[in-house]
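For clarity, chains are labelled A, B, C and D in written order, and residue numbers in each chain start from 1.
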Amino acid sequence: MKSIQTYKILQNEPLTQNVYKMILEGDTSWVTNPGQFINITIDTEYLKRPISLCDYDDSTLTIIYKVVGAGTSWMAKQEVGKEIEVLVGLGNGFTPQQSKHALLVGGGVGVPPLYRLCKDLIEKGVEVEVVLGFNTKSECFYENEFKLLGASVTVCTVDGSYGTKGFVSEVIQGDLKNYPYYSCGPLPMLKAVFDASNTQGQLSFEERMGCGFGACMGCSCKTLTGYKRICVEGPVMKSEEILWTKD
Amino acid sequence: MDKRLSVTLSGWKLDNPVIPASGTFGFGYEFAQFYDINELGSIATKGTTKEARFGNPTPRIAECDRGMINAVGLQNPGIDEVIQTEFKKLKEVYHKKVVANISGFALEEYVECAKKMDKEDIVGILEINISCPNVKHGGMSFGTDPKIAAEITKAVKAVTTKPVYIKLSPNVTDIVEIAKAVEEAGADGICMINTLLGARFDLKTGKPIIANIMGGFSGPAIKPIALRMVYQVYKAVRIPIIGIGGIATAEDVIEMMIAGATAIQVGAENCRNPYACKEIIDNLPILMDKLGIEKLEDIIGRAHQ
Amino acid sequence: MDKRLSVTLSGWKLDNPVIPASGTFGFGYEFAQFYDINELGSIATKGTTKEARFGNPTPRIAECDRGMINAVGLQNPGIDEVIQTEFKKLKEVYHKKVVANISGFALEEYVECAKKMDKEDIVGILEINISCPNVKHGGMSFGTDPKIAAEITKAVKAVTTKPVYIKLSPNVTDIVEIAKAVEEAGADGICMINTLLGARFDLKTGKPIIANIMGGFSGPAIKPIALRMVYQVYKAVRIPIIGIGGIATAEDVIEMMIAGATAIQVGAENCRNPYACKEIIDNLPILMDKLGIEKLEDIIGRAHQ
Amino acid sequence: MKSIQTYKILQNEPLTQNVYKMILEGDTSWVTNPGQFINITIDTEYLKRPISLCDYDDSTLTIIYKVVGAGTSWMAKQEVGKEIEVLVGLGNGFTPQQSKHALLVGGGVGVPPLYRLCKDLIEKGVEVEVVLGFNTKSECFYENEFKLLGASVTVCTVDGSYGTKGFVSEVIQGDLKNYPYYSCGPLPMLKAVFDASNTQGQLSFEERMGCGFGACMGCSCKTLTGYKRICVEGPVMKSEEILWTKD
């Protein structure tokens, strides 16, 4: 169910220079899937800001966000104890599939939504290969958190300052090409993952949003199965419905 | 329901003057999950065209200071699908009439859509959008020429018995001239204003934020322009005006009615706050008490007294 | 002084592109008590007419969401007094050239003012305001007709060797048409935009807040409209544009230059914050470093590349 | 000197249901006259709000304001300790004249600027008659404060619920008509005082302002001695220069 709720900030701390982790206390009964998102009211800006769920339990939501502009700067300045207004219940999220293996590929702030997904898959008994891509060492986060869940983790950095040098797609070799995949990150990364894999997967997309709940048609995209709204029928799309041809 | 809020548009009595604006409320039913949409005065449905349209490429949205730019470009499933599927879904949760917004790229298209809408009981008013800034060949350019505006009005009036309201563009030198032209051509009312043409640029890339470069700018930022135009048009015509532009609070509703509006529409504010219309309706009686307003109808055009 | 900020308008090299807009900075010297106004790129002086004018009745000011309406109506002591008294006072504290803004109610008035300004060394650019919404018979109506706009341009060009910049009204259907007309008529540059016509009403009394009913609306709220118009006009003309409308921060300056402006003017923001222009100039180099902009001139019209 | 300064709120308390007294700590070296005003930055509104000085000392300013709209509502909500931004050094203020007697007439929130003026006049040895006008008993404030300064005070209420029933002008009888006067309040009151008096005085005017420091010409008025800006050449005008004829 979509609704506007008030959440209390329990934690708001930097993971890297620009990336923050925020824990919010409040209603979480609306969550149905990992990869869903919330839309945060920013006191100083007109529109809300969409941020994916990284994790959740009975009374808290965890999000991880990168400071890129006015809205996320405001978020970074909010203090523990402050209450914020959030539109919740948004998006379809990932559907964790039963399978022997799964490949999770995240880039930058595309990493967070994969965390809860990884947890759910491992709980289902799936063996999870996680590939995380960042620009450089100082921007890396959550490698250890994924390892603690029991996943096998590879980190790539574009400049080679940590882990494997290069793009995440270069790591998708051998067996990994045949694992059902789940991916979230910048568009070129999603496309590279789509191209590298020999099987089907779920990809999480971003788009500038007006409303975030299906009213304005601001976030539409064309798919093989018709027009979709990233905020309602997405953000997660199945690889089968995407209008891409393999490069 | 508070009888003091009731207003009348071409003989149709609305419980209150608050109508979500076309394009910002889908076909209404998305909002039923937030509150009982039967509390609304009415609903202006998403701009409908003869054929299905995907609309413009994304990004279609850019944020602004107290407002937003949209370049959706009339995405809709086409009139037949709207009537068969969207209106049907809406009727399951909503039991009043709608303001059905139609758009076209040629006179014949408006006429064809009007004919089809004319048969639908759910349609209380036909809102003819001659002012969409987001589509090439048509849309806004119809709304900037009084002669074409009058022609469309006449053609639509000829094929429907529903009240026909023309939705005007603010991107013109003289909106009064166009309002008078459509009144003369038989329009039953005027909806104003549609969005102002605007643009934003990305400081890092130097590129326009909207894929289409320009789009329609609206929200609280444009309210003073909308108020001015409603004031000017009220002075010049005798048909009712539905005031649109930047309405976000009960105060804004009163101000727009003082300027000359009989009812109002809420656009961008629905995007940022799905409860916007409900909150406005709830706050209106409280504000009326504070200001000593007995019935909302009493203040329509009060600035002109 | 940071050389990276320098821009050139018709051969005149400004230390930076930041110019307070006409009517919001008096004749400049009032601001000398806040900071050294020689830090400014230049100053656009208060709209000057042939005869002294009191302007409109008060209230002349109405606050808006992220902006204000003014209906000052060109209060000024008349061109002779401006030159003899105001420019003299300004010269005591300011040693650069100004953008001298002149207005008129008939073609002859513009010509007469231009002739007198032509003799003043302090005048770097003549800014011809054909777009004031706050005066009857003239002002804005000159700025909505491309033919009259071109005539005024030609007539002024004939009597001065100073660069002539025409200040355009945004209250038009097609600003490009007018920009092209004045370019063709010999204008050396374009200043845009002047204020948008707006109105506000008092909820308690039901009366307009501005004594004149309507006035010119400006401030950050109008920025997306100004950006769009500057973008459109840059595409259509080859003469430089001074971008005006809603500029309040260094970010706004960069965005306006990306859209196509060579320099910019800051209007309403001077009223709410007398240090606005200084703060913008101080912040520009910091922002340029962040965005990797070497010289400001490099980004003029970058959205068009 | 005009400048923008930061002040810390030391006190912010209601005197009546809608009228608040605020004490601000910070620079006061710019004050030259009672009746000058400051222009307060409101975080949520575009323009600043002009409010007259009620009193001042070496390190504090006292203002009294009525909650009428968005800006003053915001002010009423600010807590002690908060710092606010204020444009100071504005307006000419009253010029306290040497004379045996003086008449001070204030209406509603026109009363505050007369307080410091009263103090200054009494210090000069002037005998001060103060007439304060309010709508009704519950709206009265500062009667006692003026008495404590040593002034003779008459309070009028329009509805007669306290003091003399009627308008302040009705109290201006006998000798009072010949005392140099100083007045601040709504326009009809100023006009009535002007009409009632047989001598000269100083009147403080209000106008909607754009800048408050002389740049925008938003607050102009015509006087016998030319065009004046309420914010620079005013808010106080001499009765001799006002374009009124006695009724």
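Operating definition for what follows: a residue touches a chain if its C-beta (ideal position, glycine included) is under 8 Å from a C-beta of that chain, and two chains touch if they have at least 3 such contacts.
What you are looking at is a predicted structure, and each value in this text was computed from that prediction instead of being measured.
Note on connectivity: the fewest chain-to-chain touch steps from chain A to chain D number 3.
Rounded to a whole number, the gap between the C-alpha centres of chain B and chain D is 47 angstrom.
Centroids built from CA atoms put chain C at 34 Å from chain B. A separation of 36 Å divides the Cα centre of chain C from that of chain D. Within chain C, contacts with two or more other chains are made by residues 62, 64-67.
Not a single residue position of chain D touches two or more of the other chains.
Arrangement of the chains shown, judged by which pairs touch: a linear chain-to-chain path with two open ends. Pairwise, the chains that touch each other are A-B, B-C, C-D. Looking at the complex, you find that chain A touches chain B at residues 1-4, 45-48, 87, 207-211, 213-222, 227.
Within the complex formed with chain D, the chain C residues making contact are 23-26, 30-31, 33-34, 46, 54-55, 58-68, 70, 72, 75, 209, 219, 268, 270-275. Chain B makes touch with chain C in their complex at residues 62, 64-67, 69, 144, 171-173, 196-201, 203-204, 206-208, 213-214, 217, 220-225, 227-228, 231, 246, 251, 254-255, 258-259, 291, 299, 302-303, 305.
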